[in-house]
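Before anything else, here is the set of structures, which you'll find just below.
The following pair of complexes shares a single chain, chain A, combined with chain B in the former and chain C in the latter.
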Partner chain A sequence: MTEDDLRGLIARVKDGRLSRRGFVKRMAAVGLTAPMATQILAIAGAAPAAAQSVPEYKPTRRGGGGQLKILYWQAATLLNPHFAAGTTNQDASRVFYEPLAGWATDGTLVPILAAEIPSVENGGLASDGRSVTWKLKRGVKWHDGQDFSADDVVFNWEYSKNPAVATVTSGSYRDVNVVKVDDYTVRVEFPQPTPFWADAFVGGTGQIVPKHQFKDYAGANSRDAPANLRPVGTSAYKFVSFAPGDNLRAELNPNYHMNNRPYFDTLEVKGGGDAVSAARAVLQTGDYDYAWNMQVEDEILKRLEAAGRGKINIVDGGSIEFVQLNATDPNQEVDGERASIRTQHPAFRDPAVRQAMALLIDRNALEQFIYGRGGPATANFLNNPPRFRSPNMRWEFSIQKANELLDAAGWARGRDGIRAKDGVRLKFVYQTSVNAPRQRTQAIYKQAAQRAGIDLELKSVTASVFFSSDVANPDTYTKFYADMQMYTTTMPQADPERFMNQYVSWEISSKANNWQGRNIVRWRSEEYDRIFREAQGELDPVKRAAMFIRLNDLVVGSNHIIPLVKRPTVSASLNNLRPVLSAWDLTMWYLNDWTREA
Partner chain B sequence: MLQYVTRRLLIAIPSLLGISVVLFTVLALAPGDPFEELATNPAVPPDVRAALRASLGLDDPVYLRYLHWLSAMLRGDWGFSFVSRIPVDQLILQRLPTTVAVIGASQVLALAIALPVGVFAATRPYSIFDQIANTLAFVGFSLPTFFTGLLLIMFFSIYLDWLPFVFRTNIEATGWKWWWEMIRQSIMPVLVLGLFQGAAWTRFVRSAVLDVVRLDHVTTARSKGLSEARITLKHIVRNAMIPVVTLVALQMPAVFGGAIVTEQIFRVPGIGSLLISAILANDTPVIMAVTFVFAGLVILFNLLADVLYGWLDPRISFR
Partner chain C sequence: MAGSTLASASASPAAERRHIGPWQEAWRRFRKHRLAVISGVVLLALILAVVIGPLVWAVPIDEIDFTARLQGPSWEHPLGTDDLGQDLLARILYGGRISLAVGFAAMAVAIFVGVLVGAVAGMAGGKVDVALMWLTDLFLSLPQLPLLLLIIYLFRDTLTGLVGLELGVFILIVAVIGGFRWMPVARLVRAQFLSLREKEFVEAARALGASRGRLVLRHILPNALGPVIVAASIDVAAAILAESTLSFLGLGFPPDVPTWGRLLFDAKDNLDFAPHWALFPGMAIFLTVLSINYIGDGLRDALDPRRIISA
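After this line comes the complex of A and B, so read on.
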């Protein structure tokens, strides 16, 4: 089906000549999943008017829900979203602060402090893609009674991009320009056409802090702001107390800007401990209502769930556990740099070897025996939102096929059973971080590879070293001084642009950029670069989605990247709790709508 | 006496300096920085991370960072935590009450078990009581706290559902209800730590008392016709206490240092859990402050133990 056909079909749906169901059926016939088809309709402007991205909110009055107790096994240490390095702190800040809009789990935007989501139809999005105009909700008050206005929004931009303040969020703000149009309108201007315009002021990094509390601390003295520990926000819950690294308490905000919200009277977020006992405190004893990020073996979770008090919530997002096959030679030094882009990996430059490697990992076993519900097998690198998921990739586990491939390519077994060709032996160092499921994955891979005449030398590095940016350390994942490595990469936004820049040539990790480039596998493709640049400026959502699908197919098809399992976020909650969760935003992104059913 | 104390305090200064140098170097050599979580987050450009490192002075040479830290410390400025961006002394003070209460209670419990049981067992060596006490003591200090902690949680929280296993500092109750809740949640951590410590101390007290029981002055006292209770308390226990006092005094810094494992299991927000989370996050100022205070306390209590000797045994003189 060509793009023109697709457009024709969409036009027919818009005119009412084709039913939405009929459209989905036709899409299914050409291999597109139903969610993807509906997504295509949605972004092409043919979605039903009342598309429900968040569940309906039932309570008819504010409060009366008693206490909500949330357990984090990592404790929050600060409450300023601009300093929040990890999700724990972002979540804790999000209890009090709100962005203009948040990401629902279907990958659509939901207005929070904005009156509406900007679009081309309502004039919010400039047709040249160079600016987006946000209309702010009127009548919103900070917890201390002051009015929320465009000045606050502009201030957050100035605050975040100021190097003296040293914020973590500056990446979202430093390249844009923010203009106050009137008291309730701000315009974000981009230096070039930007199809992904919903970054500044949106989601976890978009939380807005009050100007009147921070304006005197918008420089090197940012640390001294009292509001860093006593936040004054706009959210449904007001600050009560905070002990860094321990717990956080909040209470209902009687002046919240959304009707009948929140449901709970008080809120407690307790931090610390370990994931398994956090799961117990919810699922087994029911002491807590919700426990965050259940990095616990699925078998244990299933056993705890059997107590019947709580359940596991699985939210499918973009995180993926995958293997990289180094495109460069880690054992050859060029100008004092290993894995230099001027070298080629002696074995992995042969596509047959890479294809064999992709055939030798049993994703089914990984899903069944290691990750369970927390790791469904996948063939794609880019899995979500569904509109970006490629239908073209397949995965397969076949030792026999791998052997045939290698035989055909001339890799013959030596006396020790290891294949070699022209003096290059198929013996690879396979590194990852210390983490039980990863070591088990390594073992499974090694066994299968052995049967295909490939020897994998397993290496595991402590996570704090592996994921550090320490330039002096040779074992970091960005240096990649090994033949293969494996880790999880996350996709924090519902747009894949930032996610897919991991394979563009100008991001290649090297000595020149202190190994800070994001293309760690050091794979290069002119076609990939070209399509990526086009996608960066492509304003048509359908075309853009097609481009990202093509990018996924290119890099996965090269087999330098071997996707293993998706890593959805897993959390535990009591049976009667109704949390509103999202894969593309923080756990607390819609805390105002959490309720309990009687 | 005063001269002795002054001299000891002066000697402590170079040792504290040495300790701080070693700690700082080890921490500086350790890989990683407080911003690891940013590394795998594609939304944060790497140069933002580099700028953050620079803003915290992490890119300066080690000796400069150390001198900077030392001069600030001498001025009473403990620095600020990299991860929570608030002064370290505030962080520590926030944790102190809980630590002192929980760990202190466990030490009191340990003493309350070790002294009577140890003395009683030693005065009747190889009796049934001694055998049982010995066996239990061995069991007690052979089981690591993380194991007994989990065991207690399994039994009292999950099987019986009597006690909570998540320690909460903010209990919304007042009066006796507050105390009741506080005691309920403290029972398990105090038991775990107290029994472990108590078991070890019981063995120690027993052997110390056993050493004294056979001495001549005890026989003399007995031949004078003194009552058994008086002999035990005045003639045996007082003499046997000297090594015990050292041991207990050396244990006292732990009351402030917290117990890393137990605090982690029961989510007690004490100094131990502050230290471990700071280590995991590479939060150098916090690690430095906690370990440095700990080192200072060890030196101080050592001195205190030495001074106490003089009171327990007037024959010891200070020169």
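After this line comes the complex of A and C, so read on.
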């Protein structure tokens, strides 16, 4: 189906000549999933009246829910979102502060302090992509009774971008200009057309702090503000007490700006411990309602779940565990640099070898026996939000096909069973971090490769070294002095631009940029570069989605990247708790809607 | 004390009585240490098992079978399987070869360096002695683990490039562990030398015109060996454990080489529902270390002629 066909169909839906269901059916016929089809409709401006990105809120009055107890096995240390390095502090701040809008788990924006989500239709988005105008919700009050207005929003921009304040959120505010249009309207202006406009004032880094509390601390004395530890926000829960590194208490805000919310009367966020004991505290003993980030093997979680008290919440995000086949030669030095971009990998430059490598990893076994629910197999590098997921990629495990491919390409088995051609032997160093599931994956890969006449030499590097940015260390993943390596890369936003820049040629990791480049596999494609550049300036969401799908197909199709399993975020909650979670925003992003069912 | 009664009883004047050399005497005394004898049998059995075992139990060590994951002991898999369905008996036998080889080789390195340094210091005396003991103190005060990491980081690639990955890592680990465990041996040997070289039998030998080399090799060293052998037995155990530590940190052998330490590391997350996985390699390390320690114990008793052996 071409882009023109797609546009024609969308136009027919808009005119009412084609039903939404009919559209979804036609899309399914060409391999697009239903959520993706509805997404395409939504971003093309043909969304249904009430898009359900968050579940319906049922309680009909404020409060009455008793206590909500949340467990974080890493404790928060401060409560200012602009200083919050790490998700625990961001989450703790989010209990009190709110952004203009948050990201729902389907990758759409949900208004929080904004009256509506800006779009081209409502005049919020400039058609040239150079500005976005936010209309603020009226009647919102800070916890101390003062009114929330555009001045607060503008203040947050000034505060965050001020180098003297030294915020961690400055990246979202540094390059934009924010203008107060009136008391309830602000405009964010960009230096160049920006399709991904929802960064400043949105999500975890977009939390807005009150001007009247921080205006005297908007310089080098920023760390002395009393409100850094005693927040005054706009959220559903008001501050009660905070012990840094231990626990945080809050209570219902009777003047909250959303009707009938919140449901719980008091809130406690307890920090400390470790992931397994946190899982036990929810799933086994039921002492807590919710526990964050369950980095626990699925087998153990399953056995704890068997107690019947709680369940595991799996939220599908963009993180992916994948294998990289080095495009450069790690064993050849050019001007004192290994894996230099001026070299080519002697074996992986043959597409048949790369394709064989992709055929030799049994993703089904990985999902079934190693990662469990924490790692569904995938053929795509870009998996989410659903509208960016390519329907074109397939994965297959076949030792026989790999053997046929290599035979046909002239890689003949030597006396020791290892294939070689023109003096190049198929013997690869395969490195990853020290982590039980990764070593299992290595073992599975090695055995299959052996049967195809490829010898994998396994190497595991301790995680603090492997993932460090230490320029002097040869074992880091950014240096990639190995033939293959494997790790998980995360996707920080619901927009793939930052995620997909990992394969553009100007991001290639090299000595010249101290190995800070994001293109670690050092793969180059002119087509990829060109489409990426186009996507950066493309304002049409449908075209842009199609471009990112093409980018995914290009890099996955090259087989230099072999996606293995998706890594969703995993949390634990009691059976009767109804949390609203999102893969693209903080755990607490919609805490106002959390309820309990009897 | 009646310490000398036995010796004098055996040294009866009857000329045709079989002559008992010092090593035979030691063996006779060793046999009386029941735990040491049992330990010797256990250790011998372990060594035989890892040397011959893989020939008899010819199951591949890396055969993945997902239908047989985390199985307890059965006829098919006498020690059960791990989470990839790999046969644990085969892995333990294979891994034992490496663990034991590392242990004994590292011990040999430590003893060789220790004896050399101790003997030179003890015999030479003076400035050489002082310098060597400074060196020993220096090595004793070095933080072992960070240095170990540094050495592995510096030399691993060069060495694996020269002799291949597994042999390279083997040489490196043996050198590193051996190189950091010679100091107690050196001190022991030096102390022995200092006291022995003043003994009458040494003086007598010297008076007879024995060269310095002959003095050391024939007269002093054999008498200094008792404590050295004990230290050696402890070193074997320490080297096996150190190899486990390195494997645990991901710096030892490649992760698919099932040394005993690696097997334990892999098993630790599954301890509560697949205890056999950790139990058997753990038992192997435990038995090896314990039996070596008992053997050392027995050897110390046997090699110390002043010690009375009852029973």
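In this section, the second predicted complex is superposed on the first by the 597 of 598 C-alpha atoms of A that agree within 3 Å, B and C clash if a C-alpha of one lies under 4 Å from a C-alpha of the other, contacts with A are read in each partner's own complex, and residues count from 1 in each chain.
One rule holds in what follows: contacts are C-beta pairs under 8 Å (C-beta built on N, C-alpha and C of every residue); 3 or more make two chains touch, one makes a residue touch a chain.
This structure is a prediction, so every number in the text was calculated from the model and none was measured.
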*Based on the superposition on chain A, does the combination of chain B and chain C result in a clash or a fit?*
fit
*Looking at the overlay, what does A:241 touch: chain B (first), chain C (second), both, or neither?*
first
*Between chain B (first) and chain C (second), which does A:444 come into contact with in this model arrangement: first, second, both, or neither?*
second
*Once the structures are superposed on A, label A:487 by its partner contacts, choosing first (chain B), second (chain C), both or neither.*
first
*Take the Cα centre of chain A as the vertex and report the angle out to the centres of chain B and chain C, nearest 10 degrees.*
40
_According to the stated criteria, A:120 is in contact with first (chain B), second (chain C), both, or neither; which is it?_
neither
_chain B versus chain C as contact partner of A:181, first or second or both or neither_ = neither
*asked:* With both complexes superposed on chain A, which partner does A:277 reach: first (chain B), second (chain C), both or neither?
replied: first
*Kindly classify A:457 by the partners it touches after superposition: chain B alone (first), chain C alone (second), both, or neither?*
second
*asked:* With both complexes superposed on chain A, which partner does A:436 reach: first (chain B), second (chain C), both or neither?
replied: second
*asked:* I want to verify the contact counts: of chain B and chain C, which reaches more residues of chain A?
replied: B
*With the two structures placed on a shared chain A, what shortest C-alpha distance in Å links chain B and chain C?*
9
*Share the list of chain A residues that count as touching for chain B in one structure and for chain C in the other.*
473
*Along chain C, where are the residues that touch chain A in the complex?*
62-64, 66, 69, 83-84, 86, 153, 157, 165, 249-251, 254-256, 266, 269-270, 273
*Contact residues on chain B for chain A in the complex?*
31-53, 55-56, 80-81, 83-86, 91, 94, 153, 157-158, 161, 164-166, 168-170, 172, 264-267, 269, 273-274, 277, 280-282
*asked:* With touch defined as at the start, can you tell me which chain A residues reach chain B in the complex?
replied: 71, 75, 77-78, 80, 83, 85-87, 163, 166, 168, 170-172, 199, 205, 223, 228-229, 241, 243-247, 249, 266, 268, 270-274, 277, 280-281, 284-285, 287-288, 463-465, 467-470, 473, 478, 487-493, 498-499, 501-502, 513-514, 516-518
_Using the touch definition from the top, list the residues of chain A that touch chain C in their complex._
297, 299, 303, 365, 368-370, 434, 436, 439-440, 442-444, 446-447, 457-462, 473-475
